[in-house]
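Read from first to last, the chains carry the letters A, B, C and D; within each, the first residue is number 1.
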């Protein structure tokens, strides 16, 4: 948080960035953007990433405009299929990507030092939370967390809490696995996966080392890539 | 959608991109990333953008890791404040950004050629829709659309439909305005806006020309920037 | 200049940069580099720039590999045509670009705060110089400097010296103009310019403001671009 | 070479690139450029590269403005020390980098598919050449080439010629080695190298694979990096 002058500075810099984008993509190399405008987007990949400012899907993968259809929410979570008519932003994006854009891949991208997963750990170990939306939202991955604590959240021992806070990455990866599993509860996802036209991927980016881990298709275990 | 060989190619390219990211941000210029790891993220801006692959907030604003906390959903929508304990991904991200990260700015970033807004126009003009999540989700901005059609969706004339499909940008901008207004229904947002520690912004990016429009704080009208 | 540890650090960072280049141009987006390898280079532009680390032609123009054939020397100078069999690096590059690569443009790119031009001013105002190569080299542009001092270097008044040191940009631009004129002493350049297949350009980049100036084809005067 | 319309297009694109540079380095992230303007340049590295458009030192090493003082000429050659008062562009840049800027490193950067080295091979194998400057210039590296042909250029057998044209990379690397050796003929270079304040490096970039080779300090043999 900054004072009024710096506030304007942040906005001014973003506007300068857009000016640079316009110079680059509309004047310097207009071909690809022009094609994206006249022919529409045809991304092959839906990436479901975290809102965390340090793990930007486009920067991380050096993507150009048009390559990635992106959902970003707290803790890169996929809720289960619930077609109840209420507002489901992530599910709507998955539906649009899979049914309208016909992407070939859905990647759930988790990462180290995830604040949302910290919130989940606090929640499931019985620590006090004080929010309207974060706790209900991250509870999507609650069942994924439970195997890593001895009992229920009410009964979590201090040892459980310490261990989880020391090794939150096991929960982060379990949450990615849970989101990939939730993807399979969407009929239009399952159908395409079983038909071989859609692949699901679970990735976890180690913010501290820059290494990427991914779920091995056979063993379902996270392994470092390369 | 591509055949099996190309499918693997898309993933292989993303992995190569991450290798390049690691070379750049962990080896070539490790200082900023190392600081983001040891001190955590301190973004000044929450940007709520569309999942559309052509309008990536980081690319568009030439942001570096750590600068933007980002939500991306279909049509960059903010639902109204509904603390009912169900899964509200966008609201959770807004809460985290405002209450935990204490951002100074929230920017709703709309854009031209928005597929989600096309869906909304179809929905509100009584055309057939066939989806589980997209229609309910985009209906968040429904009231913003209504002033631009003569009557209710049941009664929409062909002229109404034609006009909206020809000028969807008025609906796109109305939807941004509606999302900014919905932000003010969150008590923790309103409180900070009224205290002067948080600013709300409504932007619309003209994908065809590269121009940015923003809501003028006085008149509430969208004006081209610069 | 740095101590031994930092010395190695500088090299280590360049090697990391090359690793990133390889990831980007050989793995992430291999098409353009592969084409440059199999079909050879076909740049349309020869750019003759300064060795100054702050004015890199590729960075300044956001060029990709293959776009610019580049000469860089102290003060972006073009010597006159002297086919005497001795070592003429800049002339060899001009010959190769024009006769072998058949570029369509030659751009001489000068800039503000040029250390080479500072050396020229010292030289032509009778100040002591102590070097083997810089003074003879920058004397290429000596005649371009003379109109801006009252008399010969031996007679330069303190006022002359002060004025030139205060407004070195007039000399920097005069030197660009002189280099463009020297280009026309090369028969193979003149021939193509007169045939309309080669264009010569004189640019000056204002390092302090980021503005570019270029020689107006009609008046031969430097004018700001845009 | 292009027609008149495309000619203007090439220039227009470079100007758009400069506009993007200005947006990025003067508006989006002005700090580093502002410092380079007020404090002057302090590069640690002089890089002597080829004019070839595919091997740009800044792009290849992902350098930012201010990092590399750069000479670019045909075949990245360093002539021997000849303080005879005539125009020696490369020597002037070396002198400026070493004596004024006090760089810690000089890197000679060669590369595969070097047109200048092809010219040298033609020259030393007695093939016809028809130029004013390229042949004299590349003859700087002539002695480096000779060990790889059986006799003098007059006597080169067709086998010699074929072998060299098939494996020009041995000559490219020999030429880099010769340039590094020529650097040591400059008293102000030798003095600093012997004092341990300046390091010399010979690199060769394999354009076909993206691999970098460098001269091993002990054995003087080129080895792949990593």
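In this section, a residue touches a chain if its C-beta (ideal position, glycine included) is under 8 Å from a C-beta of that chain, and two chains touch if they have at least 3 such contacts.
As the structure is a prediction and not an experimental result, all values here were calculated from the model.
Colleague: Can you name the chains that touch subunit C as well as subunit D?
Modeller: A, B
Colleague: Same residues or different residues: which describes how subunit A and subunit B meet, taking over half shared numbers as same?
Modeller: Mostly same residues: over half of the interface numbers shared.
Colleague: Can you check how far apart subunit A and subunit C are, centre to centre, with Cα atoms defining each centre and the answer in Å?
Modeller: 47
Colleague: Can you work out the whole-Å distance between the CA centroids of subunit A and subunit B?
Modeller: 15
Colleague: Once you find the CA centre of subunit A and the CA centre of subunit D, what distance in Å lies between them?
Modeller: So the centroids are 45 Å from each other.
Colleague: Send over the residues of subunit D in touch with two or more other chains.
Modeller: If we look for residues of subunit D contacting two or more partner chains, we find 16-17, 19-20, 24, 28, 62.
Colleague: Touch graph of the chains shown: is it line, ring, star, complete or other?
Modeller: Graph shape here is complete: every pair of chains touches.
Colleague: Name, in rising order, each residue of subunit B that touches subunit C in their complex.
Modeller: Of all residues in subunit B, those touching subunit C are 12-13, 16-17, 19-20, 23-24, 27-29.
Colleague: Quick check: in the complex, which residue numbers of subunit B touch subunit A?
Modeller: Touch residues, subunit B against subunit A: 1-2, 4, 6-7, 10-11, 14-22, 25-26, 33, 36-37, 40-41, 43-45, 51-56, 58-74, 77, 79, 82-83, 85-97, 99-100, 102-105, 107, 113, 115-116, 131-134, 136-138, 140, 196-197, 199, 201, 205, 207-212, 225-226.
Colleague: Enumerate the contact residues on subunit B facing subunit D in the complex.
Modeller: Subunit B reaches subunit D through residues 24, 28, 62.
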